[in-house]
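Below you'll find the structure I mean.
Read from first to last, the chains carry the letters A, B and C; within each, the first residue is number 1.
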Amino acid sequence: MLHILYIIAITVEAMTAAISAGRREMDWVGVCIIAWVTALGGGTIRNIILGHYPMSWVEHPEYLYITAGGAIFAGIIAGYMKKLRFIFLLLDAIGLVVFTIIGCRLAQEMQLPVTIVLLSGMITGCAGGVLRDVLCNDIPLLFRKELYASASILTGAVYLLLEHVEVSSHVATITACLAGLALRLLAIRYEWQMPRFVYHEEWE
Amino acid sequence: MLHILYIIAITVEAMTAAISAGRREMDWVGVCIIAWVTALGGGTIRNIILGHYPMSWVEHPEYLYITAGGAIFAGIIAGYMKKLRFIFLLLDAIGLVVFTIIGCRLAQEMQLPVTIVLLSGMITGCAGGVLRDVLCNDIPLLFRKELYASASILTGAVYLLLEHVEVSSHVATITACLAGLALRLLAIRYEWQMPRFVYHEEWE
Amino acid sequence: MLHILYIIAITVEAMTAAISAGRREMDWVGVCIIAWVTALGGGTIRNIILGHYPMSWVEHPEYLYITAGGAIFAGIIAGYMKKLRFIFLLLDAIGLVVFTIIGCRLAQEMQLPVTIVLLSGMITGCAGGVLRDVLCNDIPLLFRKELYASASILTGAVYLLLEHVEVSSHVATITACLAGLALRLLAIRYEWQMPRFVYHEEWE
């Protein structure tokens, strides 16, 4: 179940990444690379930091074909994607919570401290988008967008809390995903934002 | 002693990183992430390159809380930080030399060649700031700033030289730190700069 | 033979990187760091992703001196490099195919799937330039330039194909290099480009 959602999630991430690449007038090789980095980069950075080898996509190269296919398909139907905007935002939010749970679980299996389990979830969910923005020469959206990282942290926290009170792992996963999903979708709907820290004085 | 200085150094790095994030109007999650990356990113990149696991902050998650706390505190007192500018530059310079010594020692323990020991110190001292600038979408200051990397190299070189002539490790550390600190502070005071390589001809 | 070409390749990469750094008015420390990252970063990223330690330049620190020397030399003769433009493009193209073959072989030795072998070659050949562009705050040229990544993929594909039909490794290497080189040079000569995906509608 989580595996199927994972495949859907990386495909959706790849498709939205293709749109970003199109805005920067990249060629089709660039589009595929941005798609790979966005869809698979979060898990890759997490694995590198935690020293967990091999990467999932090194063992399953079919992930590379799936995401490249998704990116090219997104390029072809780009004109229609705007109309499907809500579906993409929904799938992207599902991707975020699924990535988060996968990241938390991996850190749990490595028996890391609770803080690192939460952070592992957040890195898995968010770092791909940060890499995409760095390669497209933008300030990462993550640092300015509607509760993206916060939804990831909420997902991880609910999951850990429910596991701690010895709810079954299935129930914990589903409840956590729904909580994170709800926060993210409400944030999009009502344009909730974290307060910003704005500072413009010169002192250097 | 080095450990206490290390804690002070990561806190100061986190605080100055928060100011950078504030200039880019990031939200508070972004501020914390930039603080983490700046304060802990140098050591993390060094560990990844040298294959040295686990990361210090994975074993000591309290570093994450200390740096996040420092970043939020810096946001709150941002209006006053300007008046404390000199203290911050001093603490930042202390952080640079402390990070450098820690990086050199780790590479020494791994019995790597002298050149790599120096580079390990430089990566530990400087890479966090480079990551901060990349995520804030700036050209890294390191490549253009007053003898930042040079102060790191000097610290490492003095340290290795003194160890080589069999001075006690304590004396070597303190002398090297003072030498690096002096260079950095003199560079700030008198606006010393490395010569630049400027090239504006078009040939592509 | 491949080793000599490798040394030439990293030197040439370092020299062209120095010109990029000069355009950004970096100081000489910055020039050396950009040169190292460009010349050695591709192989380093590949090794980090595949978990292959230690890095070649950690074992052979002389690579750091060779590339730094190349970068400084390029800075000194910058005024003349324009006239040697064709030689540099040729050497850079040779570097690309040599890096690619080295990356493919390393992944083969690790007995990774064919797709990953190709990707390993591409990362080795191209990632250094991407890092250079990120640090110089550009959108990576790779994603928009004349068949750079494509020449790398062709090199790897020809190499794997010839090995598969049990041609000797020498013949496979040389044929693959010539094929990739031919594609890259023809692409430069006739300004061949991959089709671009351009998308400018706003929908966020």
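Things to note:
Everything below uses one rule, namely that a residue touches a chain if its C-beta (ideal position, glycine included) is under 8 Å from a C-beta of that chain, and two chains touch if they have at least 3 such contacts.
Chain by chain, the UniProt names read as follows: A, B, C = Glycine transporter domain-containing protein.
Treat the numbers as computed from the prediction; the structure is a model and nothing was measured.
Simply put, chain A must spin 120° to overlay its Cα atoms on chain C, rounded in steps of 5. Of all residue numbers seen at the chain B-chain C contact, under half occur in both copies; the interface is built from largely non-matching residues. With centres taken as mean Cα positions, chain C sits 30 Å from chain B. For chain C, the set of residues touching two or more other chains reads 48, 134, 137. Partner chain A is touched in their complex by these residues of chain C: 48-51, 112-116, 119, 130, 134, 137-140, 142-144, 149-150, 193-201, 203.
The residues of chain B lying in touch with chain A in their complex are 18-19, 21-31, 33-34, 44, 48, 53-55, 58, 61, 64-65, 75, 78-79, 81-82, 85, 134-137.
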